[in-house]
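What follows is a set of structures to go through.
In what comes next, subunit A is part of two complexes: it sits with subunit B in the first one and with subunit C in the second one.
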Partner chain A sequence: MSKVISDQDFAHIVQLSNLEIKPEENFIKDQLSQTAEYIEVLNELDTQNVTPTFQVNHKKNVFRSDEVGESLSQDSALSQAPQSHQGYFKTKATIKK
Partner chain B sequence: MKITPIIGLEVHVELKTKSKMFCSCSAHHFHVKANTHTCPVCLGLPGALPVPNKTACEWCIKLGLALNCSINQDSFFERKNYFYPDLAKGYQITQLQKPFAINGYLDVDSHRIRINRAHMEEDTGKSIHENGATLLDFNRSGVPLVEIVSEPDLTSAEEAKKYLTKLQQIIRYIGVSDADIEKGSMRCEPTVNVCIDDRFYTPLVEIKNVASLTGVMNAINFEIKRQVEKFAKDKIEKNSSNKTTRGWDAVKNQTFLQRSKEGSADYRYFPEPDIPPISFSAAKIQNIKATIPLLPDQKLDQYQKLGLSDADSQLLSRNPSFAAAFDTALDHKTDNDFAKFVANLINGPIRTFLNESKLEIDINSIHPTHFQDLFENQDRLSSTAIKELIIDSYRDNLEPLENAKNKNLFQVSDVNTLETLAKEIIDTHPKAVEDYQKNPAAIGFLVGQLMKASQGSANPQLAKEIFEKLLK
Partner chain C sequence: MNLNELNLQQARQGLREKKFSAKDLVTACFSQIKKHDQDINAFVSTFEKEALKAAESADISLPLGGIPIAIKDNFLTKNQLTTASSKLLDNYLPQYDATTIKKIKAAGAIIIGKTNLDAWAHGSSTETSDFGTTKNPWNQNHLPGGSSGGSAAAIAAHEAIIATGSETAGSIRQPSSWCGVVGFKPSYGRVSRYGVIAMKSSTDSPGPIAKTVDDAADLLEIMSGHDPYDATSIDEAPWKKPAPLSNLKGLKLGLPLCYFPPQIQPEIKEAILRSVEIFKKLGAEIIELSDVLDPKYSIAVYTILQRSEVSSNLARFDGIRYGHDRSFFGEEAKRRIMLGTYSLSSGYYDAYYTKAQKVRTLICQDFDKQFQKVDAFIGPVSPTTALKVGASKGQAMFGEIQDMLVEPSSIAGLPGISIPCAFDKNYLPIGLQIIAPQKREDIVYQIAKIFEDHTDYHLKKPTL
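Here is the complex of A and B:
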């Protein structure tokens, strides 16, 4: 089995992704390793004369002017929230008080 | 033991654009009903497409220029990834590799504080912690934010305060934000550590939740003391992984540990694929630069050159509205006496009137011709009368000379009239004349009688001279 992703890397990725992985789900690590290894193929490409980019449509300076448009109503804004309270989205406490 | 504090400041400034950074929701969020200024973009709903606010980008560049920064002509946005409930998308759109503005500075009492960058980003939602839950309002989510990062060049809490005050003045001068610390439109996060005996560096601490200038100073001073005491005990020095974040408790007046800092790499920054890169031509940047007015330091210099005292120059230059009022009243004149006269009126009676009535200065209530008329008639009006007349002019737009006539405030400076009156007083007050001849200080009584006889309209200095002459 491939070892592109170490146990340590995996733990780190899990933490950054805010996921809970149960011990019986640890096979995901190997699947992720396989995926990463597959992507490694890209490194075989000679990119020496290619300018790095993160854009494919060659657009530049797409702006909007500073004008106020319509917003959602409070009800529709909250309509998909698992929990809400008096017009607010409600989540588990982030700070102990 | 030699202790050298090392302080850097991260300052976030909310721009006062009408709409948000990447969507057209209103950017107004202070005391607004929760979650009424949101849309799929600022709620981070799938498939929403952010489009940058042009004015916000230009204002960020304007602010950068005012802070002596170089502008990156080619720039782009990036995603900073982290999980927190006030950040619905799971990432903040910000700038890392190519901020709009870099390498600036601000001089604080001739100590140059280097500015690493001023970059464009978006604000997060607002959290309220209540009854074991966190409530979220996304009206603030996506409001344009400029982050100004200083190098750790500040060496005391006092200097940090001066830097912030100056930064605040500049931001207000160029009009891109209210920069109100109490209202949260300017937020400061000091990073503090201490160098001990020029050898040992204590671990870095970033301080959050400071909501006032005094708070910034207290937090820095507390942290300096805490770190020195801690180092004396554990001798732990700064390394690349022991930076921590501490919150400021303004009630207990102390900092408390919030979390160990995630390394920068953990944010997994990458270029924002939804927003094409941005490029400003040198000409465009020049145009933005041309919109920057004279800044506080330049104003101060200008006022001192007009012959104003340091105190007057400072009072006027540190507040853009007062500076504008003074400039309006001065009306491009360069006469030093007139400038001093105007400064005295604005910093004196008008400022007092505004303080007492809790009003902000309104430039439309400043009438240059009124100042000029009063200046030209100074010798006919007492200083008390001038104060009264300029307030009437400011408050009710009353023409001072006409008003003075109606209120009978002109002083009689006609020597013949006053002499006639003085002679009558001398004849009718032999006792007072006798007193004066024994003690010249007793002339006050005679002058007082003359003021009374002229119904307050006599020029007191002139009256005194007349008595002195007549009783020689």
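Here is the complex of A and C:
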């Protein structure tokens, strides 16, 4: 594990996170390194033959019957959208023409 | 005594005996809010007109009929502003109620407002809120703790009769401890997460914050129960509080020695040891536990898993369907999203995320082992009493370190409670926590209730 997050790592993380980091927020990079260093403490524990626990109730594949239930109307679903168009949410284009 | 100072039991009795009306009760809470909340800043928004209207038609035969309740501002309330204390949601009017809100409304409670939290519940101080820091009613130069700091302060300042909080790792128990009120964190899955803005979905546990153990238990009864909309919800009937005990004979209480770290404030250690004497007098056998897994590992597990789940949960906030765009995230949310993105990214996933999930297994196994020796843990909630305003600034892991004594049980999904057990020399409250095996809220309630019955810390009120 690398404890120090490089400029290149940081730029990659910012991009994956879909965030914009202002130059005055660049100190976050060092804080990330500090946190990454702290969590190294887990390496003191041997977990070679341990199964991971993703949540403690160990439920898997919770299904429901295929019945139509209560749901939001189109108007209600769109009521909070900053922009909508003919009953649809308006988003930025994700594919170039 | 002013009506807003009543606890739930007293308020319910007074309403049913027609000593006062629901409107009187709601009015008393708003009068306290108007007098003090400009300083305390427990509320992000209040709904006086709606609350007074609801009071007029309150059905006091219902379990919470006519009772004013404060709701942490990460519970969705239909058509009522829900911000998670972030500017990103400062215009968000949810189209539906959280399951718990539906239940609370059906039980007759009157929502008087939404309380402040660390933005997105990221923190243990309320200092990361975009709407200002909440102040501790016991001393306004001090923090209330967090993330449910607004709810804990609202209860301590008698601005509401009962409140909701949510805990991911300490966010109910730590502010309750710092504000001298009762915070009951249920087992993971006992209370539905549906409609509570997701933080760390694998441990998020909504629950009550109240003035007494019975008040908290009564609200937990209403909030609990299986919810088909929450896939990790425990498939059982709503929890019912058991009959109280008259003594603790035959009960073994474990005192985990590593819950007294070197940096613990000496008065807190002394207060817990005095509480131990009370439990002994009540007949409990106290067993010192010297081999409990060090909480330092829980800090690291929590940090990795919380950041990872946050980076996924906050991905939905894109400003397309509701709220503003991602440029509205504050520094704390950005830091957490980025670390989570890092720990989940290709090349690091196994070293961080999978490793932490494996250590979670070890933490659960350690509790299983300890609970073969004892019925419950008792110990401090926080290594310090309420810190001064400003204490969290510039500390990337403030909350994690503050919450080290509540993180292990949160990670393992166990029920726990914080109850007032003393004051320090500055008259700031000290909290005692009780932790029981999964789904054993009954033990937590019984131990807390008998302790409260034999002490009077819960009756003290701050001078505002």
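The rule is simple: the second predicted complex is superposed on the first by the 88 of 97 C-alpha atoms of A that agree within 3 Å, B and C clash if a C-alpha of one lies under 4 Å from a C-alpha of the other, contacts with A are read in each partner's own complex, and residues count from 1 in each chain.
Just so we're on the same page, a contact is a pair of C-beta atoms (placed from the backbone, for glycine too) under 8 Å apart; a residue touches a chain by one contact, two chains touch by 3 or more.
Note that the structure is predicted; figures quoted are calculated from it, not measured.
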item	value
Touched partner set for A:His85, first subunit B, second subunit C, both or neither	first
Touched subunit A residues, subunit B compared with subunit C	C
First, second, both or neither for A:Ile5, with subunit B first and subunit C second	second
Which of subunit B and subunit C A:Asp66 touches, first, second, both or neither	first
Touching partner for A:Val50 - first (subunit B), second (subunit C), both, neither	second
Touching partner for A:Pro23 - first (subunit B), second (subunit C), both, neither	neither
Touched partner set for A:Ile39, first subunit B, second subunit C, both or neither	second
Subunit B versus subunit C as contact partner of A:Ile13, first or second or both or neither	second
Contacts of A:Ala77 with subunit B and subunit C, given as first, second, both or neither	both
Overlapping contact positions on subunit A, where the subunit C interface meets the subunit B interface	16, 18, 54-55, 57, 59, 62, 64, 72, 77, 89-91
Contact set on subunit A toward subunit C in their complex	1, 5, 9, 12-14, 16-21, 25, 28, 31-32, 34-36, 38-45, 47, 50-57, 59, 62, 64, 72, 76-77, 79-82, 89-91
Subunit C residues within the subunit A interface of the complex	91-93, 95-96, 188-189, 201-203, 228, 231-232, 234, 296-297, 299-301, 303-304, 311, 315, 318-324, 326-327, 329, 331, 334-335, 337-339, 341-342, 345, 348, 351-352, 354-362, 364, 396-397, 412-413, 438
Subunit A - residues contacting subunit B, complex	16, 18, 54-55, 57, 59-74, 77-78, 85-95, 97
Of subunit B, residues touching subunit A in the complex	17-19, 23-26, 33-40, 43, 51-57, 76, 81, 83-85, 127-129, 132-138, 266, 268, 270-271, 273, 275-279
